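Both of the next two complexes hold subunit A, though its partner changes from subunit B to subunit C.
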Partner chain A sequence: MIAGACVVLPAVAAVLCTVRPLSAFVRAIAVASALGVSALAVGSSFAPSSSVQWRAAWAPTLGMSYAVDLDTVSALFLALAGVTFALGAAAGAHVGQRRAFFALWCLLLAALAGSFVARDLALFVAFWELTLVPVAVLQLRWGTHIRHRVTQAVVAPALVGSALLIVPVVSLAVARGTLDMAELAARPVPAGGQLLPALFLLAAFAMRLPLFPFHGWLPRMFVATPIPVAMVVAGGLASSAVYGVVRISLALFPQGMAAAAPALAALAATGVVYAAVVATRQDDFRRLIAYASISQLSLIAVALFAATATSLRGAVLATVAHGLVVPLLLLLAAMLARRTSSFALSRAGGLASSAPRLAALTGMAMLAAIGVPGTSGFAGTLLALAGAYERFPAAAAATGLGIVVSAIYGSRALARAYHGPAQVRGRDLAPRETLLVAPLLALIVLVGVAPAIITDRLADDDLPSFGAAR
Partner chain B sequence: MTLVLLVAVPLAAGAGLALGSARLGGRLAGALVTAALAFSFGIAGALAQAFAAGATSLVAEGGAWLPIRGSGLALRAEPLSVPLILLITGVAALIAFASLGERWEDRVSGGGGGPRYFATFALLAFALLLVVLARDLVLLLAGWGLVGLFAALLIAHRREGLLESAAGRTAFVVARLSDAALLIAVFAFLGMFHTTDVEQIAARLGAITLTADADRELRSASLLVVVAALARSAQPPFQRWLTGTAEARPGAAALVQSLSVATGAVLLLRLAPILHPTALLLAAAAGAAAAILGGLAALAQHDMRRVLAWSTVSQVGLMFAAAGSGSMFLAFFALVAHSLGKTSLVLGAGALERATDGETDLRRLGGIAQTAPLFVPALIPGALGLAAAVPAGGALRAVGMSAAVLTGAYLARLLWLTLGGAPRRTDLRAERPSLPSTASAIVAGLGALAFAGLTVTGPVDLPGARPADLGAALAMGLALAASGAFATLVVYRRGPRVLLGDRAVRALASGLWLERASESSLVAWSRALARLVDLHGEHLIAGASEGIGEGAMRMSRIAVRAGDRYAHAAEALLVACLVALIWYWSRG
Partner chain C sequence: MTPSDLGGAGPLLLMVAGASVVASAGAVLRTHDRTLLWAGIAFALAAALCASLGGVGGDAFGGALRRDSASALFSVAISVSVAAALLLAIDRATLTPERAALLLLSSSGALAMAVAGDLIVLLFGLVTLTVPLYALSGLLVPAERTRPRVGTILATGMIPVLALGGALLVFAETGSLAVGALAAAASPSGRAGVAALIAAIGAAAVFAPFHIWSERTYAAAPVAVVAQAIVVVKLAAFAIALEIGRAMSAASPAAAADWTASLAVFAAALLAVGTLATLREPSLKRILTYSSVAQTGFVASAVAGAFAGSPAAALSLVVFAALTLGACGVLAVLPSGDPRVDDLSGLARSEPWLTVGFGTILLGLAGLPPTAGFIAKVAVFEAAADAALAWLVILGALASVVLAIAYLRVLRGCFEHGRGEGRRFGMAGAVSATVALGVVLAGLAPAGLLAIVANPRF
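Presenting the complex of A and B:
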């Protein structure tokens, strides 16, 4: 029931947001529902499994059912998404047409929660597709002047991925007569027939992750969409793609993934370096964050494709780290832009003298993005690459170059925005702004110093068995 | 518990200041950090006593950290660690005390001023202790990364202008390069030995005979460790980050040059039992080359601080040469003597710079001994201590003899052009140096001399086998340094002189063009690659991304039109896909 409540709660909140008398409270409703989802996800770890899962018939003849459940990985990602959505909603104080915005906001959370809790492939696909709708509308309605072109560039590749996702799902329904993930994992497709469906599924996940070279939409979206939406896209959608690879691709088609893994790992390792190098050329802070995000996600992908017990734990930890750091950076970029009227780093020189707290917090967030010790980025990167090295030493070693380049873009961005001759003066962070940033920063340090609070919860049963994948 | 306290005290001081010190003054923050480091020094002394009483190893377990075999939050002190923890805590406390004399009234841009500086200072000391005491490679890697980060932050702690920030950026990029090399090396060791515990790896390595493949793998991992150490210790071609730190605060420069930069040598000393002999040989060769090159470059500098930076390159090169050639005793001797001597000289030079209103050009200084005689005791003991850090015997005979002559020469040139002769700028009047800086410089310099003397006479013992000819080697080193100093004084007795052509001087001053090569190897490739990628690759990908969008819209229009004519085309296509997929599966 808890798993079902994770979807129902934000869906009800979405409906409440549309009620006119409640228009003064819509932001509070959105924040509360997101925190509620987080609390439910965390609470599910302590509840008996019977009170978490829920199952009902949907279309038995097609092998479909309403089956929802929360495992450690999905609970973790859902809790993370809840925190990001809550902070994003809290940060969205100045949006117009608040009722519509926050209704779509809650709908997006409900859809995302659905894709995390679904234990039936058809249900997963339904929620997966549903997430696109609010994202597209939020961007189209509240985006910048280039929103139409960008929405087209975002939605079309996603739909191509979705089309490819549907093909193996329908095929499995025909071939196995069920779409229940547990049953499908118990009756795997013959090894020789796994490659093609694995690649079809992966195409959808690679578009959303995004994996190099399918990443073109992300920097555009970060520039064209409101910062709160960019925050949840970075924190939520990427983790749903990672979840899809772990829970569906690797669990249902291990041999297919194993066959494709060397090429995919090479592609992902290239993406780590490529995106980091491109980030060094960016003047728009949002684009820089987007490329930094792509670089980190590519590193996570290297670990996913290596698919060892350590690398998968590392991938989950690194995904959490990414989901904390990128929204935090976006939040700080918005605060910077509020003071300089621009996201351009070149227009914000010397801001540290007038806004030292903002400079210090951005510095800490950037260091976390780079992955210095003591932050979640270090723990995630280290564990992910330690596992990936077992299987793909060359790919893991190549990502080392990305680590070096990340120092270049990180230090360059900080120097341009905050140091040097003062070009602008802006007030320092207000207490409300500090309060928005503090929880993410605290979580980043907590996960960095005590990663065991996550890794210890990831039992071997929670992750696909990879003995078969070799 | 004692071991945990040793590390936790500077961590708590640094973290506490970083989190809640906005209203503290610089001096109060400095006093807190000095007290914390002095307390840690006391704990290190207690640990040294425990080892002197017969303890062979002390371990503090702090529980699990990451699920990697052999790793955990665990510290281990061994006899090898004792001189290092005494050195780190003692020297750091001394420099923190010296920093109390700096100006902290002005809030530097970036905010925080003194408290931020001292917080970074304490955290750097914590990270250095972690590198020395980490039981396993993962925790060592964390400490290693933090040393690079805090050293870069300390260098970038600016007073004004962009220069220091640029220097800090360079330091940070080189630090990350070093981190990346060590990271991959750790993975390789983990892959080979299935543990990251250094002691366990050494035990396993000693118990097995390596196959050709395993030997190659060990060699690669060891070479990566050496690269990481070379980068951290500013050995050519990675020296740019150190020689570019000319504008750092004196205290920051002293800590970085005396301790932080020597971390590479510490890494080699700690990991020597598990490194491949080829890698150690390479470290020794690179160190020997750096010792000579650094000495030559120091001799050609006009800026006081750059003389000291190149001198550090040279001195740390000697440590690498000793550690790589298996002479642990001499490596430790050079490390301790260098740290104390360099602390004294950098603090003394910093005080001089402050007293002369920022003048660091040797061609414009001079006659300071007449105008401010207190600088004589502030600079001379450190220089003598540094000269005593170059033993010209044992494993270091060949390189040590050349380095000793060069050390004597550049130190004599530095001292003569600053203290000696007549004042060369009439408008320059040196003020009295600040008491904490001068006192610390004198204590560190005398400490270096006392350490050398006590090591030769016996009371001080260091890890490794004591060379039979230690006294002779040190005497020879001092004699050669004196001859180098004498030759320099003969040349420079009438003031600054140009002995070589412009081109030759420029070549020497840039470390035989290594400065430019270093700049290119660190940053230029990244810039060129970024331009290439951004101009071509990214535009292509962006075009493709938008092209898919455009294409999909066009396709949908075509499909709508086609749908009118061929109502079932889409369904037919889907069925065809399914048939193809099912056929594909049925083959397997």
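Presenting the complex of A and C:
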């Protein structure tokens, strides 16, 4: 019930947003529904499981059913996504055609929530593909001036990924007669036949994560879409890809993933370093954040492919950290752009003298992105690297190098935008802007200081790890 | 005539009567063109009612006409499709009564193919389906002063000649006219006859009557004619193809395996050609035509998976027919006779709900959730995977990606800035809205639809 409500609430909010008499309240409706989803997700961990899950028939002859449930990891990611959506909606004060924008916004949240709560593979695929629709329309209608060139480059890889996702799902349906994840996990596919389905599934998740070398769409999208949409793509869609790997690839095809893991970990480690190096050369603040995001997600991917108990805990924690830091950075980038009329770091300069609080907060956000102790990134990165080192020492070492490079792009961005000779002047943080960034900062510090509130809830059997040594 | 004869022939007779009334009443009664179109729609819906009420039971006319749930399903689908196609022409009166009568006549041939139990009825149906559409194509453009090209003459005659020749060869060997007799053809000439007949039906399914349409015909064809040509022809051809498949598999199950490989290759070719052709096409009518070729490839994949016909093939056909009619409805809202992607500009601003409906229909055609197109796609892929055609499933998945990109290009056109005058929501918009709503409801709760297609005697 609660899991189903997580999808129904934003869907109803989407319908309400289209109603003309309520057009003055659409932003409030969107914020309220996102916070409601967060509350439901948090509340589900305290409610008995019978009131959380729900089942109904969809197309039994095809093996498809409406089965929804929330486990610890998905509740965590969904709560985080809800907060990001609420802040993104609050940041969207000046969009045109508000009813359509916020209706699509709530629809995107509903589809994302669906991919977190689905316990039937066909339902998961349905929600996975459905998230593309609002993202594409939001970019087409409200994007920046380059949106038309970019839409195909963004949508095509996602479509290819989800097309490849369908292939193993269909073969599982034919082989087992059901697509319910619990039933499929109880009767796993023989180890020899797991590699190919695992790779097909991974293709979809790798496109969305994104994993090097399929990362090309993310920087383009950050530049072409409005900042709120970029926030939720970074925060929500990436964590849904991580969740997919944990809950589907690792749980249903463990031996296949283990066989492919060395190559995949090498690819991900390359991505960490590559993206961090490219980030140091970016002038557009959004592209810098995009490459920083890719670098962090590749680190999470290394931990996922190592698949030890420690590394998976680290991956979950690092995903939470990523979902807090990247939206925060995007919000701060938008505030910078509002003061300098451009996202280019070279156009800014010396802003710290006129906007010291903004400079300080951006500095804190950059430190969080690097993963300094006391911020949310540290515990996750530490656990991820420690766990990955047990299986892939070389990949872990390369990833550590990437973290060092992240310090370079972080400090460079700060120096160019806020320090040095004053080229521009801008107002300091307005109270409304402070209200927008404060929740994320508070959560970053909270998770950084007390990560145990998350890791303690992740029991061993929540995560499908298969030991340190094979 | 016994009651079962009447039940079997009823839809067919009603459609022919409708064609006659629409063609001749104008001269006698001096009615408005639109009234005659409504009369035609009424006759088509009456045929649908007759098929659904009386369409199941004992065979009619000693087995010449079938009356099983498969023929009833396809008869209803064909009748409703032609009614919807005529509805598309109501707003701007783009069809004269004579042309509407030709559409109804062609549909009567489609109905004959859907209920055919023997080869004579099949041939009658095939000829009656295609010849009026050829005549329409000729009527659409002014008479050209040049001689018709040899290629056009050959192409026009190809399908009926192949079918007739094939039927004669089969009859010569088996001495029986029943459709099931096709399985008994064992000699080389008999087998050649079967192959020719199936080739004719396949050609009708894939590209009739577009193989004789010139650029000018495409530009001049009203959307209703395009809708009829795409939807009704394919429904009829697949109806009889599935029946032939069922009859042949029932007679010799071993033969089914032979057909799987060739059907799979046929399906793959259709998918490749249909999807790639849509990518650079500016004309919306042609985009729909090529994508319908790709959809035929999907249906053929389902048939390849279970040659004895399958609920997946029937499901994807019905869903495809509805979605194509909905898409044609949006085309009919636009003022241009040959709408291009550029003509859609400004649609999102001037008609936002129509754009939502159009987007939903395109989602369904691409097989994306939450539409019934997603259910149909999963069903088709499961049917193919069941027959160990994993490569076809992968190809089909990638083909649906290419289709989705082509449809995205069309949808993107709606968001371009433009003035967009002369658009009338009217009946055509109502058809699109109904289809969009129905397709989403069927996607969320497909149990009823799955029950209907599971019933046919496949």
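We adopt the following convention: the second predicted complex is superposed on the first by the 465 of 470 C-alpha atoms of A that agree within 3 Å, B and C clash if a C-alpha of one lies under 4 Å from a C-alpha of the other, contacts with A are read in each partner's own complex, and residues count from 1 in each chain.
In the analysis below, contacts are C-beta pairs under 8 Å (C-beta built on N, C-alpha and C of every residue); 3 or more make two chains touch, one makes a residue touch a chain.
For clarity, every value in this text was computed on a predicted model and none was experimentally measured.
**Q** Report for A:452: first if it touches subunit B alone, second if subunit C alone, otherwise both or neither.
**A** first
**Q** After superposition on the shared chain, which partner residues are touched by A:160: those of subunit B (first), subunit C (second), both, or neither?
**A** Touch partners of A:160: subunit B and subunit C.
**Q** Please work out whether A:174 is in contact with subunit B alone, subunit C alone, both, or neither, and reply first, second, both or neither.
**A** It touches subunit B and subunit C both.
**Q** Return first, second, both or neither, reflecting whether A:397 touches subunit B, subunit C, both chains, or no partner chain.
**A** So A:397 only meets subunit B here.
**Q** Which holds for A:359: it touches subunit B only (first), subunit C only (second), both, or neither?
**A** first
**Q** Quick check for you: in the superposed arrangement, does A:266 touch first (subunit B), second (subunit C), both or neither?
**A** neither
**Q** Looking at A:152 after the superposition, I want to know if it touches subunit B, subunit C, both of them or none. Which is it: first, second, both, neither?
**A** both
**Q** Have a look at where A:39 lands relative to subunit B and subunit C in the superposition and call it first, second, both or neither.
**A** So A:39 meets neither subunit B nor subunit C here.
**Q** Which partner reaches more residues of subunit A, subunit B or subunit C?
**A** Looking at subunit B versus subunit C, the one contacting more residues of subunit A is B.
**Q** With both complexes overlaid on chain A, does A:415 touch subunit B (first), subunit C (second), both or neither?
**A** first
**Q** Identify the residues of subunit A that lie in both the subunit B contact region and the subunit C contact region.
**A** Touching subunit B and subunit C on subunit A: residues 152, 155-156, 159-160, 167, 170-171, 174.
**Q** Where on subunit A does subunit B make contact in their complex?
**A** Contact set of subunit A toward subunit B: 149, 152-157, 159-160, 167-168, 170-171, 174-175, 189-194, 196-197, 213-217, 219-220, 274, 277-278, 280-281, 310, 313, 350, 352-353, 356-357, 359-360, 367, 370, 372-374, 378-379, 382-383, 385-386, 389-390, 393, 396-397, 400-401, 403-408, 411-412, 415, 418-422, 450-452, 455-456.
**Q** Applying the document's contact rule, which stretches of subunit C touch subunit A when the two form their complex?
**A** Within the complex, subunit C contacts subunit A at residues 311, 348, 352, 359, 363, 368-370, 374-375, 377-379, 381-382, 385-386, 390, 393-394, 397-398, 400-401, 404-405, 408-409, 411-412, 415, 446-447, 450, 454.
**Q** Please name which positions on subunit B make contact with subunit A in the complex.
**A** My answer: residues 63-68, 109-112, 138, 141-143, 145-146, 149, 152, 158, 162, 165-166, 168-169, 172-173, 175-177, 179-181, 183-184, 186-188, 190-191, 523, 526-527, 529-531, 533-534, 537-538, 541-542, 544-546, 548-553, 574, 577-578, 581-582, 584-588.
**Q** What residues on subunit A touch subunit C, complex-wise?
**A** For subunit A paired with subunit C, touching residues are 57-59, 61-64, 100, 122, 125-127, 129-130, 132-133, 136-137, 140-141, 148, 151-152, 155-156, 159-160, 163-164, 166-167, 170-171, 173-174.
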